[in-house]
Amino acid sequence: MSKKKNTYWKDRLYEIIYEADTPAGKLFDVVLLVFILASIILVMLESVRWIDDKYHNLLNIGEWIVTILFTVEYIARIITVKKPLKYIFSFYGIIDFLSTIPKYLSIIFAGTHALVALRALRLLRVFRILKLARYLGASNQLASAIKASRAKISVFLFAVIIASIIFGTLMYLIEGEENGFTNIPKSVYWCIVTLTTVGFGDIAPQTPLGQFLATLIMIMGYGIIAVPTGIVSAEYTKSANKTGNKNNGNHDDIQLNSQRCQNCLSTKHKDDAEYCYSCGHNLHIQ
Amino acid sequence: MSKKKNTYWKDRLYEIIYEADTPAGKLFDVVLLVFILASIILVMLESVRWIDDKYHNLLNIGEWIVTILFTVEYIARIITVKKPLKYIFSFYGIIDFLSTIPKYLSIIFAGTHALVALRALRLLRVFRILKLARYLGASNQLASAIKASRAKISVFLFAVIIASIIFGTLMYLIEGEENGFTNIPKSVYWCIVTLTTVGFGDIAPQTPLGQFLATLIMIMGYGIIAVPTGIVSAEYTKSANKTGNKNNGNHDDIQLNSQRCQNCLSTKHKDDAEYCYSCGHNLHIQ
Amino acid sequence: MSKKKNTYWKDRLYEIIYEADTPAGKLFDVVLLVFILASIILVMLESVRWIDDKYHNLLNIGEWIVTILFTVEYIARIITVKKPLKYIFSFYGIIDFLSTIPKYLSIIFAGTHALVALRALRLLRVFRILKLARYLGASNQLASAIKASRAKISVFLFAVIIASIIFGTLMYLIEGEENGFTNIPKSVYWCIVTLTTVGFGDIAPQTPLGQFLATLIMIMGYGIIAVPTGIVSAEYTKSANKTGNKNNGNHDDIQLNSQRCQNCLSTKHKDDAEYCYSCGHNLHIQ
Amino acid sequence: MSKKKNTYWKDRLYEIIYEADTPAGKLFDVVLLVFILASIILVMLESVRWIDDKYHNLLNIGEWIVTILFTVEYIARIITVKKPLKYIFSFYGIIDFLSTIPKYLSIIFAGTHALVALRALRLLRVFRILKLARYLGASNQLASAIKASRAKISVFLFAVIIASIIFGTLMYLIEGEENGFTNIPKSVYWCIVTLTTVGFGDIAPQTPLGQFLATLIMIMGYGIIAVPTGIVSAEYTKSANKTGNKNNGNHDDIQLNSQRCQNCLSTKHKDDAEYCYSCGHNLHIQ
């Protein structure tokens, strides 16, 4: 697994790009984060007409700088990774591609420039990057609570959607097209807007019967919000109790890092670990 | 209770239609689910004017196919069940009838066609069907938590409604007809819209005093949402603790099935049970 | 405390009106509840213009019947109670008075009729009446959870109000009168509408800076809803645990009634108790 | 640290202004609170046009009284504190300055008067003042629960913001300028309005695809509110359990006061403490 000579720079680059436990890796992630944010701010500014009118050239140059840097990063990722195809068709691989290509396309095809906005999806990488920091403890516990209650929340959301379809259809029958409930899909849309207590008010029931049914939907929506909350609450209490039994301090964030042992694949090494806690493999020399 | 020869095909059909533990039963439920969804999508598409204008004939044919299949299913259900009248006047029996009949009525009476939308109610059957799948564990625990807190949530909703009537009446006195609070029922409706934090904005207080009272209602609504949430949360923690004490794994879904012993009527048999755990009756040979 | 002869009918009437454990007392409460509901429905119907135009005389007669019955009840309450003044100036005494008097006033003074709507406040008596029923267990536990977290919720609501004043003022400075934020009180009102996630939309920020601040307010409002919920949840879990340790059944509603021993003033007697569990005093013969 | 003679009045004044455990200190805080509230009400009234038109002179006099009193207080705070610069550049020091200066500025520069509204920030001092009262127990436990879940809530809010940027961008691509989504920042603003279930309705999706995506955002917003709630709930249960183990009464508010030992800087002394629990330094003689 480690031909030290030839592939040394590749391994080194891999460590910088894909891991974040070395100073260089951390720096790379921070710089990447800054550029992702910059690229998103650029896209945002461009979408504001008067800013685009005034600073079009400046924004365009910025766009190209970001695009070229993203291209370089994309190529580097492909070269260093052991299984390039797996990366290319992975979730992040596709996002990386989609956020780089529109600028090039915009030279050839007009009108595709708006797709640059897809770059916002790169923000998701923030999770991977920030995971390394002190939030890890928090989000891990959080993730396990959400994971444990996923099935239950699915059932819940499913029930919400079915209720919305049924009540939306009833509202369509009651209110009809003249009161803004022009068709069933729109009526279902209104029902979800109401059930989730968003309440835009672009469509609102006008007939007394419709308002009465709307009242039922609202109270239902107000009441059943308790369900997902109760689920996550309970799961979280459970998982917090488990952790709490092991170590009782308030600051139970042991600094774990995102490194994966290349020998036994075990993760969650302590931040200052030199050797894998599980198999004794040296974590830094590959 | 089991005349094996004559009624064999009936029993077999019964098992397919009403139970879901045999492969055939599962297949039937999945196919039924697909047709229910298809029928609802048809109704939705029909309600969108431009789609109906364009594809009226196609949608009409689809409607008839679905209606005939539902009719066949309805008749099969009546034939195979032991007590047909009980099924016919059961909750699902009425829904099944209501979702089949409007299409036939629409030949004779014009204008009754819109009632086809009642078919959306058939979606409720999804709960019965999906109960069998892996969600069972989740929804059972959920159901018991909701059941345990039903009385408390009733008290809560009751309080919400009384508060809405009182505040709605006060708002009517304060704001009056000129600001949209045309009568007390409408004012109560507005109050529920506000208390549940939906806030359509089709009616909004204009006088300073009305806005002040609205402020109170909103803060009250914002604060008391904690009550149902707290209740379900606590009940759920309690019921989760109970389960947690028995088996500590994360995947505590013992696969129970939806079969009912025809001898002693006990339910919740394990998935691989051959005999009723309660009376020893053979579950598969009826 | 018990001169059996003279005051027997008074005691009897007292038991009927103020308690609800005898069949007569229960009947009285149910009848009262029906009349309260009827009176409120009357007021509501009257407020709907077209109904009032059509059935004015009928509604007026209904009003008078309800008013006279309420008057009789009010007088009976004063006569039978030991300390009439205490009742008259009690919370319910004032409400009872306010819901009876407007109809009489409307003969003398025009325009006071609208105050009949104050009768909605009588609905609060529902709590006292329904307390007797099976909801008691639920609402008692609920009440103690809310009571225990009252101070904490006060702090929370206080913080919400202060945040609203501060942010409302800032929004007034940022948006100004031309965008609907005409003065600080209105701006604070808008801020509460936003913070509680009601969002009427009658006023909405128009400037980018205002929208940015609104974003902060909304996210804050969305996040801090967790605080009261968490508080009530925890208190409720605590109080549920206490009860749970004593009796572990799901249906832990022992039927307690609202009677108070006239000897030792202890409450929460079991529904079938003949003698006070604390001092042995006969509960029914006074 | 204590030259008793010369600086006696300073120490005394310090105790009155900065601490709240002596009667004089309590009185000062209450009076200050009253003046802060009065000053805010003045600012509010001034912002209402018709009130300002009618009572301009009265309000102006009130303003000057409050401003002069605040100036005196500000100077007193600077004189008595040991490190004036630290106070001046502290959070409260800056707020105190900002809420005093605008009135003076308004003599010289026109148009700066509106900044008087910044005085609302002084309301934050309420927390410091009320902390002393019986709410202490409540807010301490609350604060520790929020503190413990701060990291987790940050992760959550972070996720909300990222989701808003991504979905906002998608909505901009789908709906476009003609439906009110004029640029990406506005679109992100709309997305936060929707995700937090506020739903102003000033902008609302018009296209079916936009409405579908909006539906997803709403259900997501409705579902993920469970996350912060669950977190605070669990943390609060945990911290309540800890306290509950030590003393089981309902009123577990040990009266701690806001005094800080001038020797070892330890806080949270019991209300009746004469000597620092940590270093034995006399708390009252400085």
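For reference, chains read A, B, C and D in written order, and residue numbers begin at 1 within each chain.
We adopt the following convention: a contact is a pair of C-beta atoms (placed from the backbone, for glycine too) under 8 Å apart; a residue touches a chain by one contact, two chains touch by 3 or more.
On a predicted model such as this, the values are computed, not experimentally measured, just so you know.
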Turn needed to bring chain B onto chain C - CA fit, degrees, nearest 5: 90
Whole-Å gap separating chain C and chain D, where each centre is the average of the chain's CA atoms: 32
Mean-CA-position distance for chain D and chain B (Å): 45
Where chain A touches two or more other chains, by residue: 156, 185, 197-201, 221, 225, 229, 231, 233-235, 237
Graph class of chain-chain contacts, one of line, ring, star, complete, other: complete
Of all residues in chain B, those that touch chain A in their complex: 40, 43-44, 47-49, 114-115, 117-118, 120-121, 123-124, 126-127, 130, 134-135, 137-139, 141-142, 145-146, 153, 156-157, 160-161, 185-186, 189, 192-193, 195-202, 221, 225, 228-229, 231-237, 240-241, 244, 250
Residues of chain D touching chain B in the complex: 197-201, 229, 233, 237
Footprint of chain B on chain A - complex, ascending: 148, 151-152, 154-156, 158-159, 162, 165-166, 168-170, 172-173, 182-185, 187-188, 194, 197-201, 204, 208, 211-212, 214-215, 218-219, 221-223, 225-227, 229-231, 233-235, 237-238
